[in-house]
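By letter and in written order, the chains are A, B and C; residue numbering begins at 1 in each of them.
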Amino acid sequence: MNFFHRFASPREFFRIAGYTVPWLGGATLILIVVGLYLGLFVAPADYQQGESYRIIFIHVPAAWMSLFVYMSMAGAAAVGLIWKIKLAHVIAMSSAPIGASFTLLALITGSLWGKPMWGTWWVWDARLTSELILLFLYLGIMALYAAFEERRSGQQAAGILAVVGVINIPIIHYSVQWWNTLHQGATVTKFSAPSIHLSMLIPLLIMAAAFMLFYAATVLARARWEVLDQERRSTWVNEYLEQL
Amino acid sequence: MTPTQRQRLLVVSVVFVGISIASGLTLLAFKENLLYFVTPTEIKTTELPKERLLRVGGLVVEGTVQRDGIQVQFDLTDTANAVTVVYSGILPDLFREGQGIIANGKLTDDGTFMASQVLAKHDENYMPPEVADALQQAKNLPEKFKEKYR
Amino acid sequence: MENTESSVYSAFIAIFRRDLKLALRRRAELINPLAFFVIVVSLFPLGLSADPPTLLRIAPGVLWISALLATLLSLESIFRSDYEDGSLEQLALSHHPLPVIVMGKVAAHWCTTGLLLTLLSPALGVSLAMPMDKLGALVLTLIVGTPTLSLIGSIGVALTVGLRRGGILLALLILPLYIPILIFGASAVDMAIADLEVAGQLYLLTAMLVLSLTLAPFATAIALRVTLE
């Protein structure tokens, strides 16, 4: 518990995150290079889709992260609202633009994949539509946060919206089963009989880990500068800035 | 119980009852047919409205694909019944015999399905061609397909 | 402690009556969403085609989208004037639970918008070539769906009412949350027109109503506390 209290103090967070970000960034870079090499050069072509399935190594991790970041953001926002922890709000608001980017990436790569495979850039299928709604949710949260002059009110208001939006996440996740439409079912979560070949699964999981680390690195980096701005009147920030 | 505790209990029970009713209704809803998604069997056996957009899914029957210029005609089956689909336009890459597809369109009076859009439903299996061949030889694939498009 | 429940109930009734009386006194504001509903619906035959089969095909979507937009335009009236003259702050400071006050205000809002839109909808349905015997399904979906719109909308208004230009932002926040209701509402009417079973959609619309009825007043109350800080 002591650790959390120390970590949650803005000053300690700024210091610890400062050490962590470069390591996370470096690990991200290594994993992306390894993942892309395995995915694009080592993994064999698919029995039905040939070479074009390889976009899976970007598309699927991005889609996973679009949901994961949303859940982390809403979780952080809930922690901030319930226990009134400033840092949790900062983490939540720093997550929003990153999550929105992952969602956009998933939509764009999905569209590129859909054209050769399904025969269309876009269908108003449940999975695609809910991913689009997720993007709108992210944009709404970011816009609401930006609309408030006072940072604290903005964080709380946008945090409430993020928590309310969580109701949409299960709809997104189960929409494939509910509406039985074009998008194929989830591949990896069926642990009983993995329907993806190991040589393709490994790069996929490496890319997923890379995206996860990328999120960790960027959210900490963003939160760091946010904390610095938020605490700009305190002495430690002034001391820090003088050292530069 | 203090008034605050009493109030909290009330709030929690109201929320609990509300969520239970909502989930009960959702479960009821799933027993109903929510989409105009139909199978070839339903087309054969039930009276479906003509002149409205339907979505039919199934497997392309081997040996039934006839091309005439840009117009394509093929049979779609759910392994029990088949329906003839007519479509003019460019077919997606994944369109082939035995493949699962979804066609959007309308039923005509003679029982054929006029598709305005044909979409290939690629499955959730990703494997190298050699593995797929091996599976095919083991005759595993048709079973899996039957299960999926039952 | 018998009087806690009765005082909660009387607080609800008092707020409901007060807001209803205020709304009825501002006739112009009462009429605006209805006029908007009628005008938007009548734009479609003019802009697309007056051909009855085409109208029938688009009718469910047009009616539902127009009702949704009309509700969206009217949402600010739940809290705006009370926020501006300070009475919202007084209400929040009272010893009555804020979620109950919110419920009273949302109920009054629905009676003066959603309910009236629903009552008006059969006439517009007829103008879009809907057969008489299918108007019941339209009314049924709207009567179950529009309260959910008011309830979810109240969260958005509570979040944006303190902002000077909250209008467009409100639309951006609320419309994504409205999409499931639109999908099920419009598809229920569509299936009713095609003589198909609509029970599934109605169950889901009711489920969303019950869920928002239990959760939205609390979310709105928390949001109001942030706005009023």
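Everything that follows uses one rule, which is that contacts are C-beta pairs under 8 Å (C-beta built on N, C-alpha and C of every residue); 3 or more make two chains touch, one makes a residue touch a chain.
The model shown is predicted, which means the values in this text are computed figures rather than measured ones.
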item: Category of the chain touch graph - line, ring, star, complete, other; value: complete
item: Selected pair, greater C-beta contact count between B-C and A-B; value: A-B
item: Centre distance in Å when chain B and chain C are each reduced to the mean of their C-alpha atoms; value: 34
item: Residues of chain A touching at least two other chains; value: none
item: Multi-chain contact residues (two or more partners), chain C; value: 211
item: Shared-contact residues (touching 2 or more other chains) in chain B; value: 30, 34
item: Chain A-facing residues of chain B, complex; value: 30, 34-35, 37, 90-95, 102, 117-133
item: Residue ranges of chain A touching chain B (in the complex, touch as defined); value: 44-49, 52-53, 56, 116-120, 123, 178-182, 184-187, 195-197, 199-200
item: Complex contacts: residues of chain B adjacent to chain C; value: 3, 6-7, 11, 14-15, 17-19, 21-26, 28-34, 36, 49, 52
item: Footprint of chain B on chain C - complex, ascending; value: 1, 4, 97, 187, 191, 194-197, 199-201, 203-204, 206-208, 210-211, 213-215, 218
item: In the complex, chain C residues that touch chain A; value: 155, 159-160, 162-163, 165-166, 169, 172-173, 175-177, 179-180, 211, 219, 222-223, 226-227, 229
